[in-house]
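All chains are identified by letter, namely A, B, C, D, E, F, G and H, in their written order; residue positions are counted from 1 within each chain.
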Amino acid sequence: MDNESLEKLLHAVADGEVGVHDAVHQLRALDIEDIGFARLDHHRALRTGMPEIVYSPGKTPEQVAVIMERLAARGLAVATRATPAVYEKVKLEVPDAEYDPTARIIWAGAKPRPHEVASVVVASGGTSDLPVAEEAALMAELLELPVERVYDVGVAGIHRLLAHMGTLQNAGVVIAVAGMEGALPSVVGGLTGAPVIAVPTSTGYGASFGGLAALLSMLNSCAPGVAVVNIDNGFGAAAMAQRILLD
Amino acid sequence: MDNESLEKLLHAVADGEVGVHDAVHQLRALDIEDIGFARLDHHRALRTGMPEIVYSPGKTPEQVAVIMERLAARGLAVATRATPAVYEKVKLEVPDAEYDPTARIIWAGAKPRPHEVASVVVASGGTSDLPVAEEAALMAELLELPVERVYDVGVAGIHRLLAHMGTLQNAGVVIAVAGMEGALPSVVGGLTGAPVIAVPTSTGYGASFGGLAALLSMLNSCAPGVAVVNIDNGFGAAAMAQRILLD
Amino acid sequence: MDNESLEKLLHAVADGEVGVHDAVHQLRALDIEDIGFARLDHHRALRTGMPEIVYSPGKTPEQVAVIMERLAARGLAVATRATPAVYEKVKLEVPDAEYDPTARIIWAGAKPRPHEVASVVVASGGTSDLPVAEEAALMAELLELPVERVYDVGVAGIHRLLAHMGTLQNAGVVIAVAGMEGALPSVVGGLTGAPVIAVPTSTGYGASFGGLAALLSMLNSCAPGVAVVNIDNGFGAAAMAQRILLD
Amino acid sequence: MDNESLEKLLHAVADGEVGVHDAVHQLRALDIEDIGFARLDHHRALRTGMPEIVYSPGKTPEQVAVIMERLAARGLAVATRATPAVYEKVKLEVPDAEYDPTARIIWAGAKPRPHEVASVVVASGGTSDLPVAEEAALMAELLELPVERVYDVGVAGIHRLLAHMGTLQNAGVVIAVAGMEGALPSVVGGLTGAPVIAVPTSTGYGASFGGLAALLSMLNSCAPGVAVVNIDNGFGAAAMAQRILLD
Amino acid sequence: MDNESLEKLLHAVADGEVGVHDAVHQLRALDIEDIGFARLDHHRALRTGMPEIVYSPGKTPEQVAVIMERLAARGLAVATRATPAVYEKVKLEVPDAEYDPTARIIWAGAKPRPHEVASVVVASGGTSDLPVAEEAALMAELLELPVERVYDVGVAGIHRLLAHMGTLQNAGVVIAVAGMEGALPSVVGGLTGAPVIAVPTSTGYGASFGGLAALLSMLNSCAPGVAVVNIDNGFGAAAMAQRILLD
Amino acid sequence: MDNESLEKLLHAVADGEVGVHDAVHQLRALDIEDIGFARLDHHRALRTGMPEIVYSPGKTPEQVAVIMERLAARGLAVATRATPAVYEKVKLEVPDAEYDPTARIIWAGAKPRPHEVASVVVASGGTSDLPVAEEAALMAELLELPVERVYDVGVAGIHRLLAHMGTLQNAGVVIAVAGMEGALPSVVGGLTGAPVIAVPTSTGYGASFGGLAALLSMLNSCAPGVAVVNIDNGFGAAAMAQRILLD
Amino acid sequence: MDNESLEKLLHAVADGEVGVHDAVHQLRALDIEDIGFARLDHHRALRTGMPEIVYSPGKTPEQVAVIMERLAARGLAVATRATPAVYEKVKLEVPDAEYDPTARIIWAGAKPRPHEVASVVVASGGTSDLPVAEEAALMAELLELPVERVYDVGVAGIHRLLAHMGTLQNAGVVIAVAGMEGALPSVVGGLTGAPVIAVPTSTGYGASFGGLAALLSMLNSCAPGVAVVNIDNGFGAAAMAQRILLD
Amino acid sequence: MDNESLEKLLHAVADGEVGVHDAVHQLRALDIEDIGFARLDHHRALRTGMPEIVYSPGKTPEQVAVIMERLAARGLAVATRATPAVYEKVKLEVPDAEYDPTARIIWAGAKPRPHEVASVVVASGGTSDLPVAEEAALMAELLELPVERVYDVGVAGIHRLLAHMGTLQNAGVVIAVAGMEGALPSVVGGLTGAPVIAVPTSTGYGASFGGLAALLSMLNSCAPGVAVVNIDNGFGAAAMAQRILLD
């Protein structure tokens, strides 16, 4: 119930058109959903360019295709964690859908132009972190953010990271993606004043325990200005970056 | 070695006062520390108002007092996780030092005026989360950020949280502090478009395992735009907020 | 040994047909199983409509089919965690067997009429929690309970949950199914006075650790009136609901 | 804002005493807390006899005393996890306060008469589980439930448990408290048709890991109709029992 | 209800002194505890010399003293995990009570003569394992077993262990007590054909995690004939040894 | 170097046929392996009937077949954790090899006659524990022990277990196999005076964590006389039983 | 920027060919990567014979083949964790490539001659540790180290290990590979004065938890001179050995 | 039994003074401890300068004092993890004993002169890692190794570490001590070719879990040539360094 409807109701009460008892009933019954924040969310979506996102796992390729077809009719549509098999089905329903097999993202609709804000710098260590780094980078682009990629900058070869110091220092946000010992965000956090979003990956073997080692490492970062999202959650990092830069 | 010294050296080479071989030696020996980024860090400190911070645990009250005395001579000085016993000693060396026993922070020097940016909203659930919430809130103030506190808004009484919806939606950053099941950031993340920094606390008993339950809960938040810092790390949340709002 | 047999024996002793020594021997030898509580269990089954339940994993489709055929001859028969392949085999032996592929339940015999008690409200967050939610809901129906489903009410969109407040407040029991951060039971527990059975699901990735995050979250719920069953254990939640409402 | 105030406001609008704009403002500003469900909670409190509960840890004895004094003025007041030192302070403010040192509960106001419902049977194994069992039992009594205690019935001496079979079978709810291997709820669940609330305790040493062993054991119970609350959470078990029996 | 009472009852039925209905009632009501196995347990206690054991933690020194006084009146009485403060109190009630401060055991009554069976060999590595090893050794003696101690035989100095090979090979049972890496039982298991009871201790620091490292190590022993009891559970090892040798 | 060789060498020294220096060299060089305990092991094998055991996983079917063929030439040969595919290959090399698909054991050579000792009673709860229980039972038979099986005696239906009380009380060793909450050994330990070897199984789902729940439960058993082997380690339980009964 | 270029630039400044300002600019811009340590790494590679290493998992067979072809053109090339399918593809591009299926290593180029240093002794327990042991051993050979293999020396048959005491005592480094209880490094550490590199393997079942048991065991080794690498990390052990012996 | 005794015995046999049977008995009985490797250990101690080490925890100050007094009579004596209270007692028995309160080490006897080998470089991050770093550094000095300390070089200020590149590259061994995220060894491993011994410390709070985060991080190091010792185990790192440099 928005302000307009509310005033209308009250005028009707003032005018005697609606009895007090009925008005009480209508006000009591007002669906909390309508008080306003849902609509505000919708406004935010329009303002910040957040497209509708489909998380593919647990859905059949057919289901993803149907949802993407409906979303694409309304604007940019995106599906994450999509396999090539899912893309094949989506392509049948949405002929102009595109697919990035590394980022495992399907999108339909023109890639948005980035806002004029400082870049999201996506930094990562090894090649096995690439899928997560690319999920973050491509997702950030689809969320209308300018993106710079700084890959293959693991902490065991620190000079490669230092070579990008300018980029890191001019970043609006740095998304630091790392598996194994997960040290990249700590080093990056000391080289830049930008907020650092750390993404642990499940890369590694043995005592990496599916990314737990990197996760704990990042949570215990000795550098200030580092916050952490879930293991392999490139999407989450991009969403956080969007809120930081476009909110 | 700053630009001035470097030019001076090169002029000396050009003038024949320093031989090429000696110049090579001097340049090779130049401490990497001086190449520039350390100084840039210093510039950042001036620009963003980040005071010097002393982490008290593992130091004797005397040591904290001595460090605070030196820092206070140069500007705002802050010590975190300080006990009343530490404050007593600091007070002897720095008579105008102040102490907040809930936040466990000592500071000396005038509290800075906040920048004109959107507020940091610090939200927390139970009274036992208060020390961590106050560490975040007071620290953010000392980092020159405007702060609004929204306490006692646990998810088991959701209406109390909804009553602050306007505050949450106007926030620049929300720091959501919670122990036990750690659900607050997820609910908050759905009510605001601001970036949410989640701080798990070690509050709780039994299977909270010293904050592990809340930490895992927050990492798995179903709301986008949530990133997590270490258990009880109110300082870290404030530092992240500063980078987001002032960088 | 039931009451009747016991009286008969004692009459035989009283009549001198059975010697005291022999009677002692017979009574000593009486299988403890027969003392009474097993039969009481059987009475409970009749009274509360608890059908025989087959847990399918670890059995071959053929084995499940044979057991279902025998059970179906005696009344309602149910198999949980059944794959379509199992259903195919069962269908050959029990032609009127039905199958719900989401709940992964096969049943044979008419679905029972619910008792006239307050409803079991099954609430869940995301679509990936659906199989567990449906296992709980369908199982509750097969256990003769009235069921209302309130799906897609994750805590990151709290208004959707609030829209069902009436349903939650009139519930006899709420089964709250959630993966990821597992916050739903805490929020629900604050909105209703009914007992809340929390079911963590293995939904999620990274640091959800197969449902551990949701499990710990639920055990640490800040709302009173919440108790937890095992990860993905929709059946267990329904059985607990039956004991609460029909015992 | 209750119904009465709302009608009054609307009458004032109808009577022209309050302008529509002002009424809109007042209604918009109405604290969501007042829309209704908070009051329903209050009604529940009256109906079911749920007194106000103070969780003592993290509060100074003085703080607990002040709160208890205020609560006691309104009716039954209860503080859990209270040390003798807390009781001493409370006694100064609330002279008729009573204390159970085993259950670690302080209460002020007459102990309520139990409702006429089936009993809560509190069963426990060893003497070291007693504080948790008594917290559950006394709390249940303060929540107006009839309680029967069946103590010292560990599974390693199964005959002692079987001796209470009648009591278990007539129970409305069984709260099974156990540390170490936590097997009691499984055995009890097979002996009764009542819902079983399992409470793991932190009793034990070595690989009990502070109650984790018992917790996992209870979550994996092979008996249907068992749900679990947090380690040592006797209060939570009583609250669940109250919802089951009085809701 | 023992055989005698049962016969008496049945004679009364045979003689018409007790009606069949009353007899049924009496038999139904017979405490299951009396059917026989509790008494068998008692017989075992007499046969194997198992004294009454008091586990001290969680009891006040006064409580332990009272219990010990009563037990001592009936025979050998033993209290484990007893502090010197407990011993002081016990000494007041039971003047001839003795105390072993390493094993932390108090006993009253003559130490029993060992049965003529193969020895329990208690082997341990470092001096910090001594309290657990001595709890096992002294407890075994109090359980009437012959004991040989083979201490300071850690696997890092394997020759010291090999020097006792004869002792190990003649053992009836070996109790292998070890902290840190917990390798002793595996090595011992390869040197003897006797059953090996492994006792992990909480000795160690860092990643020993309170004995978890040793516990896991022992469970994964590559030697056949090794079984494990709980961390620091010297008493449990002795009880297992008694069942093996005297049952 | 056995006694005979040693005497021969010393006679040669005494006779002057071998110089002292050479004898020292020969004695120094004597392979420690030959000092005696390896041979003792061999003697034990003969005395106790321990056949050679092949652990199949990690070996190709061909490799197992070759090893079994060689072992079978010397006596009873056994392969554990063998799949039907392995058996097929073994059958080609050792035509009289037999296979138990539940226990997953292949053996060749006549099944040995059991020694005249008290029985190994193998007790287990659910049908899903059967493979582990059968590995223990069949292995014990192959190790020349008399075996009694008491299956389907889970603690949630305690009367079924009590019906076998005589068997349990006459056992020489009880091997209690259980998954889920792992409570069986505790209950059994209270019903018998025989040593109880607890075998946790990986049966269960959710928070059973691959048998961890049952393992911890068993380690924390409140019954004395229980020791634990690794998860699913039926073989290890049988080997421990053999050492207890035949050593 | 190497010394030569630097001298050239400075000569140009001295000669007036390059202005001071331009020289400052060039020096400031010098990529930190070129300051020297990257080149030093290269020198080390030449000096110590460290070939280029490709970690195969996460790369397609084609990708590995292309990289190997390029590396092989420059000298010895090595790919670890390679499946037979990878080898097939590599063989097409690099016809003289060789493959060790146990060590899962492909190499191209002549196997280097070992340096004249004390040997790396690779010791392991069971046959299932062989792949990891061989990865360490072959990798050490490819890193130009002399290697001795001492396999099948598990601690449960300690005499087999003692038979190799001379080899262990003359070792330059011992790499001790073990799964299950991981005790081998502790025993070896007591038999030799050489540094011991412990490699836990994921061998084992049940509570080995993928090598965690062995890892913790090794970290808690009671023998001095033992350090640990990641689970199954034979390559890492060889690299550590190379640094110890050739650095 | 050393060579001399052995020859004497054999001469006695050759001379007929000792019968063959008696000689066999004496040789059989020879304590395996005397066969040789124990003495070799002793030789190593002399050769490498390894003094006798006392681990203080779990011993009373008096016990440490007595042991130190005896050891000091024979040469250099060292006690680790010693509190000031322990030092006070030791000082009474060994007047020239010295104490380093940071390293928590007491030693008596002249500090040995270092061997002429490449230095042990001890690098650490924060001041809270100092006790562990100093335990490693001082212990290495007492083990006759030359030591260089490079403290306060955390990875969040990478330039401070780079400033010591020369020292790191000339090191014989680097001991990298770090808590929190434990990234130091990975970065150091990329800057030097020396073997890196990583020491995780229990520094940190929240999700550092007593050093677990740093431990896992170090085990997963992406740099080759890193091996790890137990949490806080500075002594172990020094012992490993000694074996590497002096063996």
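Definition applied: a residue touches a chain if its C-beta (ideal position, glycine included) is under 8 Å from a C-beta of that chain, and two chains touch if they have at least 3 such contacts.
The shown structure was predicted, so the numbers you read here are calculated from the model rather than taken from an experiment.
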> Which contact partners do chain E and chain F have in common?
Replying inline: C, D, G, H
>> Suppose chain centres are the mean of their C-alpha atoms. Which chain sits farthest from chain B?
In response: F
>> Using only Cα atoms to place each chain's centre, name the chain farthest from chain G.
In response: D
> For the two copies chain C and chain F, what is the rotation angle that overlays their Cα atoms, in steps of 5 degrees?
Replying inline: 90
>> Using mean CA coordinates as chain centres, what's the gap between chain B and chain F in Å?
In response: 59
> Which integer distance in Å separates the CA centroid of chain F from that of chain H?
Replying inline: 41
>> Multi-chain contacts only, two chains or more: what residues does chain G have there?
In response: 32, 35, 37, 157, 162, 165, 191, 206-208, 212, 215, 219-220, 230-231
>> Judged by the touch rule stated earlier, which pairs of chains are there in contact?
In response: A-B, A-C, A-D, A-G, A-H, B-C, B-D, B-G, B-H, C-D, C-E, C-F, D-E, D-F, E-F, E-G, E-H, F-G, F-H, G-H
>> For a test of understanding, state which residues of chain A touch chain C in their complex under the given definition.
In response: 31-33, 35, 37-38, 57-59, 200, 202, 210-212, 215, 230-233
>> Touching residues of chain H toward chain A in the complex: what are they?
In response: 125-126, 154-158, 162, 179-183, 186-187, 189-191, 204, 206-209, 212-214, 216-223
>> For a test of understanding, state which residues of chain F touch chain C in their complex under the given definition.
In response: 127-128, 157, 159-160, 162-163, 165, 203, 205-208
> What residues of chain A sit close enough to touch chain B in their complex?
Replying inline: 37, 40-41, 44, 48, 165, 169, 172, 191, 193-197, 215, 219-220, 224-231, 235-237, 239-240, 242-244, 247
>> Which residues of chain E touch chain C once you look at their complex with the stated criterion?
In response: 3, 6-7, 10-11, 13-14, 16, 20-21, 23-24, 27-28, 32, 35-36
